[in-house]
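When the chains are written out, they are named A, B, C and D in that same order, and each has its own residue count from 1.
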Amino acid sequence: MPGNTIGHLFRLTSFGESHGAAIGGVVDGCPAGLELDLDAVQCELDRRRPGSTPLGTARDEADRVEWLSGLITPVIDPALRLRSGQAITLGTPIAFLIRNADAKPSEYDALKDVYRPGHADKTWEDKYGLRDHRGGGRSSARTTAASVVGGAIARQLLTREGVQVHACVLSVGEVIAKRITDVPDLESVWNNAVRCADPEAVLRMTELIERVRAEGDSIGGVVSCFVRGLPAGLGEPVFDKLDADLAKAMLSINAVKGFQIGMGFHASTMRGSEHNKSFQGGVLGGISNGEEIHFDVAFKPPSTIAQAQQTTDRSGNAVTLEAKGRHDPCVVPRAVPIVEAMTCLVLADHLLRQRSARV
Amino acid sequence: MPGNTIGHLFRLTSFGESHGAAIGGVVDGCPAGLELDLDAVQCELDRRRPGSTPLGTARDEADRVEWLSGLITPVIDPALRLRSGQAITLGTPIAFLIRNADAKPSEYDALKDVYRPGHADKTWEDKYGLRDHRGGGRSSARTTAASVVGGAIARQLLTREGVQVHACVLSVGEVIAKRITDVPDLESVWNNAVRCADPEAVLRMTELIERVRAEGDSIGGVVSCFVRGLPAGLGEPVFDKLDADLAKAMLSINAVKGFQIGMGFHASTMRGSEHNKSFQGGVLGGISNGEEIHFDVAFKPPSTIAQAQQTTDRSGNAVTLEAKGRHDPCVVPRAVPIVEAMTCLVLADHLLRQRSARV
Amino acid sequence: MPGNTIGHLFRLTSFGESHGAAIGGVVDGCPAGLELDLDAVQCELDRRRPGSTPLGTARDEADRVEWLSGLITPVIDPALRLRSGQAITLGTPIAFLIRNADAKPSEYDALKDVYRPGHADKTWEDKYGLRDHRGGGRSSARTTAASVVGGAIARQLLTREGVQVHACVLSVGEVIAKRITDVPDLESVWNNAVRCADPEAVLRMTELIERVRAEGDSIGGVVSCFVRGLPAGLGEPVFDKLDADLAKAMLSINAVKGFQIGMGFHASTMRGSEHNKSFQGGVLGGISNGEEIHFDVAFKPPSTIAQAQQTTDRSGNAVTLEAKGRHDPCVVPRAVPIVEAMTCLVLADHLLRQRSARV
Amino acid sequence: MPGNTIGHLFRLTSFGESHGAAIGGVVDGCPAGLELDLDAVQCELDRRRPGSTPLGTARDEADRVEWLSGLITPVIDPALRLRSGQAITLGTPIAFLIRNADAKPSEYDALKDVYRPGHADKTWEDKYGLRDHRGGGRSSARTTAASVVGGAIARQLLTREGVQVHACVLSVGEVIAKRITDVPDLESVWNNAVRCADPEAVLRMTELIERVRAEGDSIGGVVSCFVRGLPAGLGEPVFDKLDADLAKAMLSINAVKGFQIGMGFHASTMRGSEHNKSFQGGVLGGISNGEEIHFDVAFKPPSTIAQAQQTTDRSGNAVTLEAKGRHDPCVVPRAVPIVEAMTCLVLADHLLRQRSARV
């Protein structure tokens, strides 16, 4: 059974391979009558774009969203006096695509029969019997661009209800930022290459990432996400709890290895008398309590590094692999908008689900 | 939209309040022709049962599974020569219930208008406008008994395919067991009250739990889960990745606050050159790679403690609450079979989903 | 993938074999705060019960609904001053069961290896490799009792919104009632054994059914269903159109062979200039238009007849079969409440789905 | 909750408005490793295309399928020696689009505030509060082009399993073809403008359609569909019966008002002794029995006619409407490939669902 759809009432179906014709998606279930700022959606995508931070990969994609359906635009009904870049949702599926302009498939010919260490090359073949080897095909993090567009639409629905979703980098390797307990200041986060809210940590993180890059290595990190303004009552126990769905959405992001909410793993060391008084993470019994939501997402270091590595090929032979493609030494700065997008998708879905909770 | 069903092809729909007539569930999608050992299912439930460990709550429930449908039993077709306690699945829904024999609703009258600290009393009311206040109603961990039965059926399907699922306690409070790197030895786990595979840690954990109980307090902990024998290829990217579905299933368990797989949060501090050589957790790119799967689940300390606590009632008045009911000082020993059950439910579903992956 | 759940937001999961321990279901997604008249639910079930019409089978089942969860009853919270037989929905799954009191499995021993003509005995084995042969197992129309209970809950949600759903018999064999164009008068329908709104036709239908029964034969018929008070805007094009979901729900009823809405098959013979002025069936483009909805459902004659019939057994041998069990000469009178129930299930689901259509 | 996805394991998500940028879809769940003949898919679409029959509308669309993802094409892996127009499915979502080349939105300006009789203009607004008025927006039958592409992919999966799906016109208005009892001969069907298998009826149908067109009117008709080679065992009682899902798929097609299988409505007039010996339609108890499947689909006459009609506008004023756009006097010839496509989508889904029926 296919797994490329997320959400029930507000749902995104994602498609596309890293080096195919295009990636994209279909948002079905976005309520009709929502004024969409399409430029703001593009803006979110730009934040995820390779090249949006000097610490990222050199792959250069314009990544322009092309809208295919589901919208009333200024040209359709001039009487609505929409400005350019503005649209109104029709309640029908909103389809969009992003062309893979910078696809250089031939660069990947050498990888056709080789399984890169730490990558999903072999598991993908284990599953389907074949794969698109170019740039990881559909296992590439490039597919998250579709999630970012879907999440940006979800965000505009949430904004209308007064919900804010913001993430920032908490740690890079051993460098940990001062924990903030509130939605981070956007300016301070987006004006630095690391996307961390602690200026002092930014310096050390930047230095670490540059050093790791110079060594041809990579490094992991943690992204924190904050939600403010979410109404109490969201979440569907016993299986579709709000935090359960957030955990799933986060673990679906490439390279994520851990999720914690509220006191998280630290809670396992606490006494009840102490924990009852501490921050619960904004969710109790799987349902939002109206307070700020806060959770952390752990990213492993990127598997592609500029060092010779031992691996195997399709025939089981040992192979020495030296990565040539373009890659990030650390994904967490670019992961920030992806964490936000997946969060928005989950929250928009639960916002609509809650509409059926009472007579 | 309701959230009481888990799984797509192998699916459990759960029902029941802690102190209503019964809890139970319907397993739909269990393939026909599976020989079920009903005694083994009861056995799994017994392991979760209050009273199964001397460290648990005093609530005493016989918790006998009553089977309602979906099975061919010895009496239906004697020619099949099934022994008592054995059945064959029909491919139709397997419905079961567990009576709430020890329900003492009147004990909870005092809680009708009070929101217990750390509990889901208020969020449940935020969501639905009303709640069954008796023992937490459906927010009670008692509902996990239905999951354990569903998981026990799933396990028998997995066993047939050579898949083993075993969990054990990794830590209680600050007491951490020696990390094992393999499926724990069942005997050693089930023969001690803590359900930990490290005999030395068992002593210190037991001592800690007893001390916490004496103080009228509670304590958190971590459960580790191991899966062996799972075929490569399971998991449905990009959104229904195997680890994403495991994370969701774990976060749906009461009191869970964190999930990590493979190197987990520790991976965020590692270099790629190092991480590529380390244990990946049995999942790459969201798909099983045929190696052992290993993940950790963090539990907060139980919110119900035998100390006076400040809280509020429905009218917003401050109230001092002194818990009277029966409760666990530490849930992780009894959580072990629940973690296993939820894991089995996820794996059985993905096992069936994989049947459609190729022509 | 299992098919025992209907609906998305208001959903019924059905379980049970004709001669197993019980049949029943779980209604998940019924909004919280709905005052339920449990006696009225029982009443609906009584209308479907064998023996509710003198023209039906002799099987005698008390068919008492046993409620397991999801309800606040008078005993739980006396302050709510609910009367006996009254309850309030909690928003959690409402599970119920109906014991199979009159199950006489041994009567069916002779059928264990024989495929009854016109029945699903062989296809069920083709699908699952085995079956519960007693009274058709899960292929029995007895399973519709669970649908009737689910539908009766749905109806109470609909009634609250001013929606009325009523069906009656349009034809039995060649005897066709005068077409009514409005919701039938309940008294006139329920006070006759045929459940037809045309008193003159009732006489001829009764006479026909009695004659067919005397001949050891059976006869088909058509049930018409009327919905009044449904708000405009329900239905989810392009695939979950309101009439498409109604068609599916009707074809899921045992013995149904046809569905038509509005002018139905007759529309295929009409000119557009004529059809545009005629009754559209209450649905345009798959969405309700606020007018009365009207559709017809065709039932084949029951396959079980009291005549010797040629068939085959499991080994492919020719067998002469003489039915002994209890059976209806004509199902349409008892099908009336089932058609209503399935209609209510579909409408309640779409009523909730519509809540997400607009910002 | 959105309704633009059909199928569970083999699923099509459809998008697009009649006069927007494009229509298209995403097929998720097509098994990996299927050799796809893309030219054959285009061929199916050409059969649905306006202009494919001289009896259709004058709207001229090239309707070229553009493939976006999910396929290995010759250029990606030359070693596979695929010929041009051939591809292999990756198991990932297959996204495609069809540009709306001939969209002339300004033609529809006059309809912005008018509700066309028999059309879904008003119900669409009742639902969403707004609509894309151009050519009916998403209520247009143009959206079925996406279904035809999805169905054509499904057909290639079915062909591999030996399943054939063919439809033909049974009647136009009062002109009824000789009933055939077998899959129609393709040559004879596709070589005539009416797509009817009875040459004698073709003449009278053609004559009738031309006469109706000359009168500025339209006419309805019935399409019959035949499935041969389907394995026994498909269908998921009690709610997702094979015929129930077929009924739903057919009723989701624009202008469909009725569905019947086997003896259909005629069965309601039959005796059991007679019906048991007659053709059952290839489905018993909702499960395929391995015999040929046969069902009929009734289409109303197109609502758009070249005559002045009375209707209302958004403000409730009476308006006289004279249709200018391009339209079919009779949809059934062009509906034939759509009926086939929807049938293929249902069957492919159930083919995969059956893979989980047994251990």
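Definition applied: a contact is a pair of C-beta atoms (placed from the backbone, for glycine too) under 8 Å apart; a residue touches a chain by one contact, two chains touch by 3 or more.
Just so you know, these numbers come straight off a predicted model, no measurement behind them.
Peer 1: Trace the shortest sequence of touching chains from subunit B to subunit D and report its length in steps.
Peer 2: The fewest touching-chain steps linking subunit B to subunit D number 1.
Peer 1: So which has more C-beta pairs touching, A-D or A-B?
Peer 2: A-B
Peer 1: State, to the nearest whole Å, the distance from the C-alpha centre of subunit A to the C-alpha centre of subunit D.
Peer 2: Each chain's C-alpha centroid was found; their separation is 37 Å.
Peer 1: Compute the distance, rounded to whole Å, between the mean C-alpha positions of subunit A and subunit B.
Peer 2: 29
Peer 1: Going through subunit D residue by residue, note those that touch at least 2 other chains and give them in order.
Peer 2: 1-2, 4-5, 8-9, 14, 29, 32-33, 91, 127-129, 138, 352, 356-358
Peer 1: Can you check the complex and tell me which residues of subunit A touch subunit C?
Peer 2: Contacts found on subunit A: 1, 8-10, 29, 31-34, 89, 91, 157, 160, 352, 355-359.
Peer 1: Given the complex with subunit B, which residues does subunit C contribute to the contact?
Peer 2: By the definition above, subunit C touches subunit B via 1-2, 4-5, 8-9, 11, 13-17, 20-24, 26, 28-29, 32-33, 66-72, 76-77, 88, 90-95, 97, 105, 112, 127-134, 137-138.
Peer 1: So in the complex, the part of subunit A that touches subunit B is made up of which residues?
Peer 2: My answer: residues 1-6, 8-9, 14, 117-120, 122-124, 126-129, 138-139, 143, 171, 173-174, 212, 217-222, 232-241, 243-252, 254, 257-265, 267-277, 280-281, 283-290, 296, 298-305, 307, 309, 352-354, 356-358.
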